[in-house]
Every structure is written in structure tokens, then in C-alpha cells.
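There are two complexes below, and they share subunit A, which is joined by subunit B in the first and by subunit C in the second.
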Partner chain A sequence: MSASADVAPLPEVSTATQRRERPAGTLGRRRERLAWLLVLPSLLVVLLVALYPLIQTFRLSFTNTRLASARTPRVVGFDNYVDLLREDAFRSTLWHTVVFTVSSVFFETILGLAIALVIHSNFRGRGGVRTAMLVPWAIPTVVSASMWQWMYHDVFGVVNDILVNRLHILDQKVAWLANPATALPAIIAVDVWKTTPFMALLLLAGLQLISTDIYEASLVDGANRVQQFFQITLPLLRPALLVALIFRTLDAFRVFDVIYVMKQFAPETMTVAVYARQQLIDLAKLGRGSAAAVIIFLCIFVFVVLYTRLIKVEEM
Partner chain B sequence: MDNGSASPVTRLLAEALTGRASRREVLKRASALGLSAPLVGIMLSAQAHVAGAQDAEPGSLIEAPEGLPDLSGAKINVILGQDGPVVPWEEAACKKFSDATGCQVTRTSGPESATERLAQYQQLLAAQASDVDAMTIDVIWPGILAPHAVDLSEAITWQGAEYFDRIVNNNTVNGKLVGIPWYTDAGILYYRTDLLQKHGFEAPPQTWTELEEMASAIQDAERADNPDFYGFVWQGAAYEGLTCDALEWQVSNGGGVIIEEDLTVSVNNPQAIASFERARGWVGTISPEGVTTYKEEDARGVWQAGNAAFMRNWPYAYSLGQASDSVIRDKFDVTLVPKGDGENAVHADTLGGWQMMVSAYSKNTDAAVAFAQYMTSREVQKSFAIEESRLPTIVALYDDADVLEANPFFGSLKDVFLGGAVARPSTVTSDLYNEVSTAYFTAVNEILTGQASDAAARVAQLADQLQGIVSEL
Partner chain C sequence: MASTAATARTTRAAKGLETIAAPRRRPPISKIVGRILFWLLILFILFYTLFPFYWAIVSSLTFDSQLFNTPASYWPSQIDWSHYAYVLRNDDFLKALRNSVVVSVGTVAIALLLGSLAAFALGRIQFRGRTAILYIILSMTMFPGVAILGSLFLMIRGEWFLHTPNLYNTRIALIVTYLIFTLPFTIWVMTQFFKAMPGELEEAALVDGAGYMRVFWQILLPLAAPGLVTTGLLAFIAAWNEFLFALTFTNNYDARTVQVAISQFSGRTQYELPYANRMAASVLVTLPLIALVLIFQRKILAGLTAGAVKG
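Showing the complex of A and B:
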């Protein structure tokens, strides 16, 4: 919010006598009240669209409510949570989510950094390359997931065609999405393909903030390229890197679309969000589905706290 | 288009194509212009095509049945099929009803995904909304929606028509008829007549063992020319369709219907387990390894490209396979899904299809019931069968010459519905059916993909899960 907005209505208090008699407290309080007043609308909106559903989800997660059911809902305490954590199927969805998050974010960061460094350097056609790089990110996930589903197809997919018929790397066609061993890695590859550009973009913004003077100075001091990267680029890129990591981790942990489009409710790739959707919509179990949603929320909450701590430490 | 500036030939062609010039006129003007015979032929066939299409305006075959009440002044809202090619026919049907009764009908399309549609209905009905008077419901929903439906058990008798017992039973929950059967569906086996003949098989397979033999023999031979050829394609993804396929395997092997009428969980039996193990044996041999991710359209994709000898699918794939651009046109036929070899083995086909339900919260119950009766009447079903290839639910229509002329394969399906069509255990498990089905297809999918290497142990675990669900009923 702009500072001029809260200064404008204040002239009547700013006489010298008042200020001397009453310490800064009054002004401070008034300013604070005004600040609250100004923040109020957005606060209400946040309460309405974010907090209310959140509280409702928490509340539902302690009941056995069902959608459009003749059964009367009952409060069941922590039963939904206990059942979920005891259930193998749910624990494996948690595991898939963690595997998906860690590996996709890892590869996206490495590849994104490499791409950012390349397009940060000066070369002919840099604008074209930057635009081209963004194409996977610009395609809606549902479209790209369907596209990859066909590309991975065991009988007429282009991936098998290239690997088997053209490059002869494999002797026979692989059912990438059907084979439980390759399904999750195949989906992670799609996510990496799609989201690396986003990572590269965020890191590129970070790189552009680093002043070229520092590099020139290090050249004078006789630093080589590798030293420059580890001593200058990486430390100065850290804030941007952390922000990018937070974005991606939170996004990846809630992954739904790419998995739902490619494998729906297949047990070997189901993530927590897909599980929650199955419970909430397909099985109309609002209670249990809400409990699963709350577990995602709590996991993300922990991530956020850890990351913000990390950033604070950085700032110190 | 500005015809004034076009040459007489183009103008004539345009008029022939849009059907504005009659056959006689095309001939007369073409000869006056001295056009070549092939060109005149093209024009005539274009003219005939357009004229034919105009004849077959959707719903033109619908005759309003006798005995509809006078409902002048009434207004009803109905939710029918999804947006797509069927809409013009349904709109015509609604209009005929309005003309006959004076009741104004507003038609809305339902969501394409059955899951979303059910969620929408549940929200509407949970709110006791009177906005919708009648709607179509899937064959697995009567148990879920029964509390919100008007009993139609008397309404169904108005024409004295005989509906398939199995469907009527499926739609009856505690003596209440939740929906009148509108059109139906059943799993059927498609086979390539040309390939069976080429490789020396005289008749389609009767048992799964025969199917395996034929599929692997044909596959081995065809692979020489076409490395992407497979013996048998079906639906193996973890979704409702797998419940349908797997139910056929176990019932055809004498393995029961997952949960019996009296709520006994019967799935944990040797025949059922054997049928799942048999199906696991197909994956990566006579069926593509990817079959465990296939839904209806994936299977049809392989089949209609000419890359499979057999396919298990619903009847909709028939008219698509006979389309003019299909490479398998006139090269395939349909038969019953094979049975097992054991003692209680039977041909089993999972029952699908849609019913007309009347909402208990309708303020125009009389008009809504009359509409449901009309849509499911002999006359309207006949038009639906001829014009849109929908399988009737009235037994006598399978002997109707007009229906059979339009859909030659319907004759063989009559026995399916009279005999083997197996209902999923949706009515007995009422609003928990989706949970039952989800537990079931997840377990079967894990067996098929090998994630559950011990089928018997996985089925025992499934039985425990189902027992837990049933105990909540």
C-alpha cells in the first residue's frame, strides 16, 4: 500500500503542541487504526475465500459426512486420520507424492539453472531461444499430459518408435505408463519437461540482478569460470533459488492434473491430491477426503516454515 | 456465396450440393450445359445424399404413442444426454411430447463424465431442488438415488410392454422402481470375421481357452506383416470399466457377482481368483502390456486400426467400426463374451445403460411421469434404436424388422439381455456402490499389473475391505 494514502487524512493531529503533550502513541494508534481500516476489505476477502473453506475442511475432517446421503453425519474425532495413516493405500500415496516432489524439483532445478545460464549469456537469436524455451510451460497441463500419454503409448507411441525402431536402444516396446515400475518416472519426466522453463525463468531473473562489475572485478583478480560460478553466481543467486524452490515444492506436493489425466486412480501413481479427489467426489466421503486434504495442508505448512526459516537465516 | 457471378456449372453444383435443385432439375440443366457424364453423376449423388440426409432429420421417425394425458399449461425441466450428436434427436423427441400433450419441456444436457453427472445430481437432490423434474440415470445409480426418486412401478405398465426383467430388477430398490429403462448396453465380444477365416477358425470362440488359442495363433501369424498386431484388447485401467470387464471374467467362470443379493461378500473364491489370474496371463502376451491403462476408446483405437483380432467393448463401437472410413468395415461381427471351462461357467455380459427417473422434489410429478413414460415407450425407443443405434429395453423391439434392418447385430443381443446380462452389485450396496467398485477395480488392476503378485492374497484383502464397506450399510 502506498504511504501517501495513510498520510493524507492526518493533518489535524500534526500540530506541534499536540505532538509534544501526547507522545507518539496517539499518532501511532491512529495510524494503526487507519491501516487496519485500509487492510480490512482484503482481509475480509481472504477470510471468506481462504479461511472459511479451510476451517470447513478441518471441521468436516472430524466427521463421517457423506454428500447427498440419507445417513446422519457423526463426529468421529480423529478416526479419519487414524484410518488414513493405517491404510497402506494412503501411505503409498504419500510416498508417491514425496518421490514426485523430490525428484521433479531436483531435476527441474538442475536443468532450469543450466538453461538459465545459457540464455543469460549473450548470443545471436537469444530472444528466439527464450521464447521457444517457454513453450512447454505455456501449454495447459491437461493438454500436454494427454499429448504425452499418446507419445508414451505402448503400441503406436512415438517414444517407443524412436527408441526401438530408429535408435535401436531398446529391443522391444515398453508400456511406459502401464508398467508400474516406469509409470511414475515417466510422469515425473513430463512434469520436468513442462516446468523446467518456469524454473529457468525465475533463475534467469535472479541472474540478471547480479551486477556485471563483480565478474569484471573477479576477472582482474584472476578467477576462472568455475570459481566465478561457485564463488559469485551461486551465492548471489541463492535468494532467487530459494524462492523458486518454495514455489516448485509447494506446487509439486499438490500435484493432481498431470497424474489424473495420465493414470487417473491407478494405485501405482496415485498422489495425495488424487486420493483426496477420489474420496471427496467419486466416493462422496467428505469426511475422509477432507482429512486427506488437511494432511496435504499440514505437510505444505511444514515445508513453508522450514523454507522461510532458511530464508531468514540467509538474510542474517 | 454470391451465385450471381458464378458460372452456370458452379451454380448448378452448388444447388445440387445444398439440395436446392431436384434430381430432375439437375439432369435437365446439366444436359443443357453439355456436361460430361461423370460430372453429372457426381452432382446426382451429391443431390441424393443431401436429399437423403434431409429425409433423415433427427427424430422424424418418432410417433407419439397413444394415450398420453393432456398436460396443457404444465412446464417441466429435464436433464438428458451429454452434448453431442444425440442432442437433435432428443430435442425432436421433447418437441413431439410438447405437441402431443401441451406440456412445455426444457431440455438440458448433463455432464459428459458420469462421475461429474452423479455429483451434480447428488447436489441438486440433496438440496431438494424442484428445478429438475426428470433426469436420465446410469444403471448403477438406482441404489444411490432411490431416496430422491418417485416410484414408477405402476407407470411402467401403461403400454403393457415387456421390459427386460434384469434391468427392471436392477432398477427396483426395496420395491420402488427408481427409473424406467430407456436404453441399454451390454459387454460384447467383437471379432474379425476375415482373420478367423484366414487362419482356419470356423466360428467365434465360445470359451476363454478357445479365445486364447485363436488370439495367439492369429497374433503369431499376423505379426509377420504387422508387428503391432495383438490378439485381444479390452479395458484394464483402474476405473469403472474394469469393474465391468472383471465382473464378466468371474461370472463367466462361475465366480459369483462380488457381493450377492443377500449382501454376502462372495468375491474370495477359487473361480474368481482363477479368472483374474487368467486375465493377468493375457497382459503382454495376447494383449498389449499397456492394456492395464486402456479404457473403451483406447481399446477401440487398436481395434479399429485393424490391429486386433478380438475386442471386448460396448455396442457403440459397432456403428463406428462400420463407418465408411473404417478399415475394418464389414470385416467383423459381434458375439457373446466367452465363458470359462468350469462347471458353473456361463456367458456373462455386464449390464449398462440409462433409465428415466422422476425427481421426488418435482412440482409437476404428473407431467414428469408422463414424460418418462413417453421417452421409454415402444414408439420412442424404436426411433432411438433406428436413428441413434441405442439398444431398446423392450423385448419385442429386438424382433422388429425396421430395427433389425438398421442394426443387424441387435438380433443376437436379445439373448444377452434375456439370459446373461449381469448387473453390477450396485442396487444392493446402494450409496456405497462406488466404494465397492473402487476397491474392486483397484485390486484387479494391481493383480493385472503384477503389483499384487499373489492374486489369492490380494483377493482375500479385497474381501476384507468389501466386508468393511458392507458392514456400514
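Showing the complex of A and C:
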């Protein structure tokens, strides 16, 4: 299964396999050298700006290095990790990250699936609705965070205006972001708004791959709509659903922008990425911050391994 | 909501089956109700996706005195351009806008150049190590930026084993670090574009004695132009929207990008609430993106599902 199957159908007989069968002569070796030459600049960039700093982050996480400090750093073993995991403040950032990730991915999937199913049916103006879905996706996270910050304003915000003055759902206005109990859910709602369309579009692409014949056949067999959804749509949508889920999980787990713009370093909404940035740069504790960064990396690494297994590079 | 789509599909399917088996006919009244509910649903979806941006536009065009009226008015009675005038006369914002353009265009240009060369090798040439490289590239597309924030910060300031100049607060630092998310994505999607082209193309040219690089420049690259446009656009959007690196590696408007500028936007005086100006600035940096997305929506949809990568 490949995420690209629906866009770029691979040719039946790939030239690559034809070539592999050829005996490797001088031509083959020259071709191989050319391939490496072409890949080299990109590999160097990846090595320099991603792999090397990553290794450095691991190394720093075992030291007590501080930014711009005259003190010579010392190797402290796992002290940073032990300190972090013992600290309530860090544990609560982990908890916020998990809450953020699980609830935003959950709501995005449900809403995204619902929207995808609605758009999938034939109606006039379908293209227009699909285009509209791209708007929240295209809006920069910083912009969407400031937009919603204004919408959530406790006195003049439009959210309170709709809920209190128009729909009369609430009796009095709520300070959505200032109240520690509602701040994280309010931010999750912003993330859900911003990424649901992306989810819906990915799932829509998956739905369009399902042949209508199957539905017609099931109709002959007397299946009702609920049965059709759970026994045809959902199982056949599974590959697209999985890819979308994993991508969103990875993205949500490292969330920084929306939290930082709306609440900066407030403890009630701080996630691991925000915590890491505060330790690394604002508090100049490179060692400790790197340990927090490594923890995020390791969590994401597990998902990446899962993902690369799912889409099978060899088939490309 | 799921059943609405299923309804539409069932009725569509039923029409096709009419000649074979007589389907249950529903009374027309329920059909009309179903139609109305369906359109209400569509309206609700449109409201949900579009209202926040609409509200940003309305707020940016409202007089400060009316902005803080309760209850709010959902349609501006008079249009006030002063917030846009303020933003566009603001030197810091203009500098940030220029920085964003330079950084995004620079990153995209380098990513497309290096990326399409690598993708050509990965998509058209079978060689040892190809799969390993593809794996590395793919895992890079999911790299959390914060995991390397601290060490990149040191490298940018020249505090690592190589003697490099201090690039802190320069656009070059941003262009280079933005390659982390634009380059692997470009390689990944372009590899698929090259891969999908028929093999006879270059076989014929190679038999004619043209070298691999000539085949690349003169035959494959022109054919890959649509792919370059798509990946370039998606990479541009990702670079334009980036925040964490821009926030961390800059400290004034010599290199600050618009995203950082917006997050730090304040009022003309410390007593003024900055919302309307902030909304005007937000609308200004978002409109070009929305225009691009609307113009190239087909390509973007294809690219999104191909890469399934957000940035």
C-alpha cells in the first residue's frame, strides 16, 4: 500500500527492474557512480542539518551544558532524564502532549471522516466545497492562533458572542484562554479546526478509490446503509485512514506554534516541545532541554518506524 | 452524518439497478427533507471552515470603536482601511515580509535543485544503497524540529567543531535550516514523479548516445515540470508558515519572518488592543497563500495525497 497509489500509478514493468537484470558492466558502474553523485548534495545537507545536530542533541542530553556559559560542561549520565521524569512540571507537559495528541487526532478523524463522506456524494458545487476545505489548511498556524485568540477574547470575542448573546447556550461569557480549565480544550479546538480539512481531503482521496460496484452488489444482497458503512467503507478505507492517522499523530505530538502563540509558557497548556524550547533557549539549559527533546524524538521515532513499515519503500 | 453520504450513494446505486430489480420507492416528502438536511449540513461545514477567516477579515476592516461593541456586528457597516494602512506603513512588518519572501524562495530554489537531482537518481537509476537512502529521506520528512533546536542553535552561532561564521539572526541560517523539512519532502514526491514516467523515453535517448545528464535536463526535467510546480508550492507554503526556527534563530527584523512579526504584533501604544492591526497583518500574509492554493488547487490536492506530508 502506498500513499501515492491514487496519484501516480506506477508503470507495470518498471525500468528499474529491467535494469537490475542486466549484467553490471562498466556502463553499470558508471551509472552507479552518477547516481551517488546526484544524491550526494542532498545527503550532505541531510547529514549536516539533521543527522549531525540530532547526534549532538543526544550527546548534550547527557551533559550539564549551558548556553553562553564559561563553565566547562560535565558529563552527568542519565541525571537530566531522571530529573525530568521526577519533576511534576515535566510530567504534566507530557500529559498535556498526550491529551492534545489523542483528543485532537480523535476529533479530526471523526469530523474529517464525516466531512469526507458528505463531500464524496454527488452534488452541485462539490468542487467549491472541496476548495473551501483548503482554506484552513493554507492559513499559517501562527495566523490561525492569533485569529482564534481574538475570537476567544473574554469580553469582545465572537465565540462568547455566539454562545451567550445569539444561541443562549451559556449564561455568561467565558475567559476561554485565561481559565486554566478551558485553555487546553480551547487550543485543541483550534488545532481540530485547522487540520480537519487536511484529514477530510486525505480520506476523500481514499474514498474515491473504492469502486461503486461493491456498494451495488451489497445492495442486491440487501445490506442497509449502516452495514455498508461498517462492512465496506470502513475496511476499504483503512489504508488511507492509517496513513492520515499516523501523519497527524506525529504532527500533533511535536505541537509548538499554536500553544506558544496563544499561551506562551503558561504551565496549564505547556507541551513537551514548548517545555524543551523554554529549557534550551530561554533558560539556557542545553543539557536538560536536549533530554526533553530526545524524549519527543524517541516517541516520534516509534511512529516513524511503524509508518515506514506500512508504506514499504521497496515498492516505490 | 455518515448515513447522508450513504443515502446519496444508495439512491445513485438504486437508479442503476431499476431495470434489474424494482427498488423500494420512498415517499417524495422524505426525499425533500433529506435534501434539505443535506444542504444544511453542507452549509454548516462551509460555515465551520470559513467563518474564522471571514471574521479575521471583518475585524481587520472594522473601526476600533466598533470592534469592541457588544454584541458584535457580523457585517461591517462602514469599512475602515486604517489598520491596513498602519500595517503597510510599519517598517518592521515590511522588513519581515521581505525576509519571508527571501527565505521561502531561497529554500524552495535550493530544495528543488538538489531535490530533483537526487530524485532523478532515486527514481530512474537502480543502484546499491537506493532503498537505504529512501528510508533515510522518508524518516526525515517526519523529523521533529524541536529535537535539533539546541544543537542547530549552537551550529548557527559557530559554536561547534567546525569554524563557521556566526549566522545567528541571518536569513541564510533560516534558508539552510528550512531545508530540513523542504528537501526530503521534495525528494520524496519528485522521486514518485520520475518513477511514473515511461521507461522508453530515456532508453531511446540513451541508445542514441545521449548521456544520462542530457536525458535528465532535456527530456525528464521538462516532463517533470508539473511535479516541480506542485512540490515547489507545497515547500513554499511550509517555509512561509514555519515558526519555531524563525523565532529561535532571529532576534530582530534583519531576519525575522512575518510569522514571528505577527506573533509579536502590538498596538500603536501600549494601551491599545492590537487585535485589528494583527488581523490586518494576518490577512495580508494569508491572502497570497490562499490565492496560490485556489489557483493551483488541483495540483495541491494531488501533491498532498502523494506526499501526505504537511511539511
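The working rule: the second predicted complex is superposed on the first by the 253 of 316 C-alpha atoms of A that agree within 3 Å, B and C clash if a C-alpha of one lies under 4 Å from a C-alpha of the other, contacts with A are read in each partner's own complex, and residues count from 1 in each chain.
By our rule, contacts are C-beta pairs under 8 Å (C-beta built on N, C-alpha and C of every residue); 3 or more make two chains touch, one makes a residue touch a chain.
Predicted model, so just to flag it, every value in this text is computed and none were measured.
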With both structures placed on chain A, which of the two partners, subunit B or subunit C, ends up touching more residues of subunit A? C
Based on the superposed arrangement, let me know which partner A:Ile281 touches: subunit B (first), subunit C (second), both, or neither? both
Should A:Asn179 be classified as contacting the first partner (subunit B), the second (subunit C), both, or neither? first
Please work out whether A:Glu268 is in contact with subunit B alone, subunit C alone, both, or neither, and reply first, second, both or neither. first
Touching partner for A:Val155 - first (subunit B), second (subunit C), both, neither: both
After superposition on the shared chain, which partner residues are touched by A:Ala138: those of subunit B (first), subunit C (second), both, or neither? second
Where does A:Val75 make contact in the superposed view: on subunit B (first), on subunit C (second), on both, or on neither? neither
Residues of subunit A contacting subunit B in one complex and subunit C in the other: 67, 153, 155-156, 281
What does subunit C use to touch subunit A in their complex? 1-10, 12-14, 16-17, 20-21, 38, 41-42, 45-46, 48-50, 52-53, 55-56, 59, 67-72, 114-115, 117-118, 120-122, 124-131, 133-140, 142-155, 160, 176-177, 179-180, 183-184, 187, 191-193, 195-196, 198-199, 202-203, 212-213, 237, 240-241, 243-244, 247-248, 259-260, 262-263, 265, 275, 278-279, 282, 285-286, 289-290, 292-294, 297, 300-310
Can you tell me which positions in subunit B touch subunit A when the two form their complex? 115-116, 119, 121-123, 125-126, 147-148, 228, 230, 237-239, 284, 288-293, 302, 305, 307, 431, 434-435, 438, 442, 445-446, 449-451
Could you please specify the touching residues of subunit A with respect to subunit C in the complex? 3-4, 6-11, 13-20, 31-32, 34-36, 38-39, 41-43, 45-46, 49-50, 52-54, 56-57, 60, 67, 113-115, 117-118, 120-123, 125, 129-148, 150-151, 153, 155-156, 158, 161, 165-166, 193, 196-198, 201-202, 205, 212, 215-216, 219-220, 225-226, 228-229, 233, 243-244, 247, 250-251, 253-254, 256-257, 260-261, 273, 276-277, 280-281, 286, 289-290, 293-294, 296-297, 300, 303-304, 307-308, 311, 313-314, 316
Flag every residue of subunit A that touches subunit B in the complex, lowest number first. 66-71, 89, 153-156, 174-175, 177-180, 263-268, 278, 281-285
